[in-house]
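Both of the next two complexes hold subunit A, though its partner changes from subunit B to subunit C.
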Partner chain A sequence: MRVQRPTLAVWKFASCDGCQLTLLDCEDALLALADTIRIAHFPEASSARVEGPWDLSLVEGSITTPEDAERIREIRRASRHLVTIGACATSGGIQALRNFADVEAFTRQVYARPDWIQTLATSDPIAAHVPVDFELRGCPIDKGQLLEVINAFLYGRRPQIPASSVCEECKRAGHVCVMVAHGTPCLGPVTQAGCGALCPGCHRGCYGCFGPKETPNAPALSAQLAQLGMDQGQLLRVYRTFNANANPFREESLRHESDPDH
Partner chain B sequence: MSQTRTIEVNALARVEGEGALYVRTEGEQVAEVKLKIYEPPRFFEGFLIGRDFREAPDITARICGICPVAYQMGASQAMEQVCGVTLDPALEDLRRLIYCGEWIESHGLHVFMLHLPDFLGYPDGITMARDHPELVRNALRIKKIGNALMRLVGGREVHPVNLKVGGFYRAPTQAEVAALREDLAWGLEASAEALDFLAGLEFPDFEMDYEFVSLVHPDEYPILHGRLGSSSGIDAPVEDYDRIFTETHVIHSNALHSHLSDSGRPACLGPMARFALNRDRLTPRAAALAEKAGLGAVCRNPFKSILVRMVEIAFAFEEALRLVDAYQAPSRPAVDMTPRAGTGYGATEAPRGICYHRYTLDEAGIIRDAKIVAPTSVNQPSIEADLHGFVQAHLDLPDDQLRHRCEQAIRNYDPCISCATHFLDLTVERG
Partner chain C sequence: MRVMAPEEMEALIRLLSDDGYEVVGPTRREGAIVYDRLQGLSDLPAGWGDEHGPGHYRLRQRDDQALFGYVVGPHSWKKYLFPPRETLVRVLRREDGGFETQPGEPAPPRRAFIGVRPCELAAIGIQDRVFLEQSVRDRAYGARREGVFLVAVNCAEPGGTCFCTSMGTGPRAGSGFDLGLTEVIGEGTHFLVIEAGSEAGEAMLARMDTREASEAERAAAEQVWLEAPKHMGRTMPGDAREVLARALEHPRWAQTAERCLSCANCTLVCPTCFCAQMEELPDLEGKSSERVRLWDSCFNGEHSYMIGGPHRSTVAARYRQWLTHKLSSWHEQFGSSGCVGCGRCITWCPVGIDITEEVAAIRATGQGKAGGQGT
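Presenting the complex of A and B:
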């Protein structure tokens, strides 16, 4: 008798599709994966659909509408494991910049008929609405890490995803520290590892696309960045990008908002 | 009494983003066609206001994971225009090179994994691979080479980290670039073979009288530069975009619709438009392949857009080879930028057609106004017109076949709904 292959479902909420695309970009590994798992729901890649429940759901995107808040609850109910992929799903994404603004005013400014638009005041991470089994960081996520997470869940083990900082990856890669050597502002010390220190590899400072690492000391870094010449407005904005709503970045940006010099 | 018939698809598959389709016929007439776009808006133009001009490429990249380079380039061009800076020719070449990578990667994904399964009767590329292993293996390798090009020049395939206003953070070395040559040469041959195969597919007999719009450049097949041109004779600088197109908000779409202001007609952007308006500036091999595939001077059958996309993949390989062979590491990776106040424009040929940007900066380089129009936003009315025309001509088909054909008619455009909903015109009123 043939053993039933575990089922995989991929879901999209407010996002750019880049994290799902990372799965398609796995190319050969994806074809190999399709032998061990059954891709049961992946509308961006397939018109075939298998009804739930699903063994593993990968969720991309953030919650920004009342319907989506309901949809994620249904998906959660029908998924044995639920893993969020990418900054949108784990923190609310770049669209969470609305959390710092008046979204009604945004809609009024953008649409001729704001009454046709249904939107929530905030862009929320998935975990604000349902329990999540694992959060994979990055804007976008890293291919190798994605395959590791999928395999870990299929074989019932904990994913091996380090919670260290980009700084540590940078040293391991043998890059010269852009901050020490060139005075280039860099979020590496407070950003979670995972990308392989891509930006310092391009002689550029990290801009935090993997979000805050565990217990970052953002105020200390901000002091250093200020010494390199960043003003309050720049300090506020540097934390306010793709992971603006992730707590340590959020708090640090707010600290520079309230600064009387700003 | 006339009979009402509805064709509905509640969640379109194999398109980028979330959309639905609704068609209603009354007797022998198509009464209503709607491409519904319910993907939630993300308000990009809203939160660009107040950001530094140098932040725009990284922020706008996140509009679309499939064509981030289009956004990074359009934003950079507009900022460079405001600052009065022209890029060194070597840096322009490097931009063209990475853009070739994006065309290969994006077109490759669509042609083989999203569009071809329609023609061969599979739900997806992965299932198709069981019966056509070599075809899919080659397809994935083509796409992979596009990604490798993105990674080499951009540092990463999705949301490249190495692009900036003024150029690049780090220019690749000659040896790094040369290492790609063999793969690119393979890609060109593989594209020729794939095109032979695709040319043998069966296509529905259907043509539309399109108004094609694309960038037109006197010396090259357009990617990063050119004037706005059209099949009815528009010839205008990019700065005239807002005059040429009018946008409207319709109830069934979270992406604004665009029409040509003069005629009120829909415009068709993308591969078929570029091909129609620039065919004689294709690279020699790509031009010969187009001829061999039976594409005449113009292709008006939207189902055949798969052939045009494949020709463009071959073109991108051929062009990348030329750029790689001529490559010498530029003397500097970027031009220095000093902000100044003003309005700047950018427009490039994203895989799906013209992607337009306009920004106004203050003297400190802070963005005060932003407008971005994605090609799919402009293509929406054209898609609806195709659906209308196709259904009207094929009312005899049973519902499920008609529904399938309608889905295919939408996929002909490789619509990127995620892109389309991120672009909303934003006018800020300041007291």
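Presenting the complex of A and C:
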């Protein structure tokens, strides 16, 4: 048994808090976790705060302001390991829709004094600013996967987080393929597993919350989605959600942008 | 050869349940015929058929009350014999620093499979060879396989992606079952022809309400067996083994990779694919760990991961691995083809890649020396 428990810090950038709340949602496992690890900085759970450096930092959210771009460097400097959690931190999140548009036009539209707004032109994944030890995908992340990653860092082993498709989880669960049997468009074949095929299990197509799988073939899937009745505009939007800025999804949505129908 | 009313299936399910079997078989769920627990006759998909094409499956209502009027669904019996997730062993750390092991799963139930298609019987035979007849015997598979009572159903209407005649596995079951059924539906008649294929089957048959088949009923069943092979949706070239063995550098691999999603659906629905991955799941305190075996696929990069990376890094290499193993090198490894012609990989491929079309295309264009970038 370790004499001194390693310290854990949880950080928030541009995000909805859902991923860090997954930690509180761990229920019984949270008690075991609190026995094994010292929760040193987690404002959502406790106002008590232990100064750094920290053994493991979990970082939620994307980088959208110059101030945050500086803050993440400080956190990286004070963290032995840094793991990003969730679609915002790993790809830029839904707010990365700005990457496809003109942010200044948005601020002029929304704010009475756009000159007071200091924001970056893009919403970036954390890894675009500092080195990251592991990226845990999902919108939100899966608590079983989060515990696996923390466990892996505790014991210095490689996290067992598959990069295979949602289809693999879907078939293991015995769900009937919504695309083949119902003609429902589904991103499962290009999306990384991790959610347990939640949506296909409820007879819905996958929305791609866990981002692109390893070797994704989005153009081939798009051709099939078009056969199922999706037009160019729908094909653009289907890839432009929580992981819009993840490269294979980004490239595929751009491919459908050039179409005059859009 | 004996005959029974379709309603007698109720008695068969009840008798098997009384004997302690967990009875599983076809039932309608989520717009498909799947395999699940059967409580009685009403769980069978009476009056339902299915439509199969590349990347396409639809249930459709039949104009009769056929109990087995469908082809095959997305499930196969492998989910019971080689489950998608299985804890192989639990390891517990002892106070003195040593460790002890415990079995991962409780003893499996004895199961009765109702409605096993001839191609599926062949698939079970192939997995038996893989798991039980190699140098190392898979004890967990053996324990699940041992007590299984098999009720086969011969095919009357093969589907659009079927090619069992090409593979020599159907559409009529030769052996390997306890009871064999043939469903006959004609003008005003609907009955099941039933035959025993084992001692356990004979014993069960003796307890059921059946009678000797008449000359006309016998002829009607024979008509089903004669007609079915004429309605195969697909054909596999007979020399697939040799064609693929010669085609390792064929340009078709790279072409197919442009369509292939490497999503692994083909391997997961395949009734003979047996690839698995192991996960070690230690608890947070480091006091215990579980070793879990999960369905895996040769389409996953991680599956061929060795120091430095996956040795099949491209989708072309993964598709080639699957097809050449399934249809060619399987012969050298296990003494038969790994394909039984059930057509599931064609139907359940989200983009409809057709294994028979792939082999035919490679066969038509020969060695393809100009390609070379297949991997």
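Everything below uses one rule, namely that the second predicted complex is superposed on the first by the 257 of 262 C-alpha atoms of A that agree within 3 Å, B and C clash if a C-alpha of one lies under 4 Å from a C-alpha of the other, contacts with A are read in each partner's own complex, and residues count from 1 in each chain.
Simple rule for what comes next: a residue touches a chain if its C-beta (ideal position, glycine included) is under 8 Å from a C-beta of that chain, and two chains touch if they have at least 3 such contacts.
Predicted, not measured: the structure shown is a model, and the values here were computed from it.
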item: Superposed partners subunit B and subunit C on subunit A - clash or fit; value: fit
item: Touching partner for A:T22 - first (subunit B), second (subunit C), both, neither; value: first
item: Which of subunit B and subunit C A:Q95 touches, first, second, both or neither; value: first
item: Touching partner for A:T65 - first (subunit B), second (subunit C), both, neither; value: first
item: Partner chain(s) touched by A:H203 [first = subunit B, second = subunit C, both, neither]; value: both
item: First, second, both or neither for A:L30, with subunit B first and subunit C second; value: first
item: Centroid geometry (CA): angle subunit B/subunit A/subunit C, rounded to a multiple of 10 degrees; value: 110
item: Touching partner for A:R158 - first (subunit B), second (subunit C), both, neither; value: neither
item: Three-chain overlay, closest Cα atoms of subunit B and subunit C, distance in Å; value: 10
item: Set of subunit A residues, in rising order, touched by both subunit B and subunit C; value: 203
item: Complex contacts: residues of subunit A adjacent to subunit C; value: 1, 29, 32-33, 35-36, 147-148, 150-151, 154-155, 160, 162-165, 167-168, 171-177, 179-182, 186, 188-190, 203, 213-217, 220-221, 223-224
item: Residue ranges of subunit A touching subunit B (in the complex, touch as defined); value: 12-22, 24-25, 27-28, 30-31, 34, 39, 42-48, 64-65, 68, 93-95, 97-98, 101, 103, 106-107, 109-113, 116-117, 119, 139-140, 195, 198-199, 201-204, 207, 209, 234, 237, 241-242
item: Subunit A partner contacts - residues on subunit B that touch it in the complex; value: 11-18, 39-47, 51-52, 55, 58-59, 62-66, 68, 109, 113-114, 117, 123-127, 129, 136, 140, 143-144, 147, 155-159, 161-162, 168-170, 248-249, 251, 254, 333, 407, 416, 418, 422, 424-429
item: Interfacial residue positions of subunit C with respect to subunit A in the complex; value: 29-32, 34, 55-59, 73-75, 79, 84-85, 258-265, 268-269, 279-286, 294-295, 297, 300-302, 314-315, 347-352
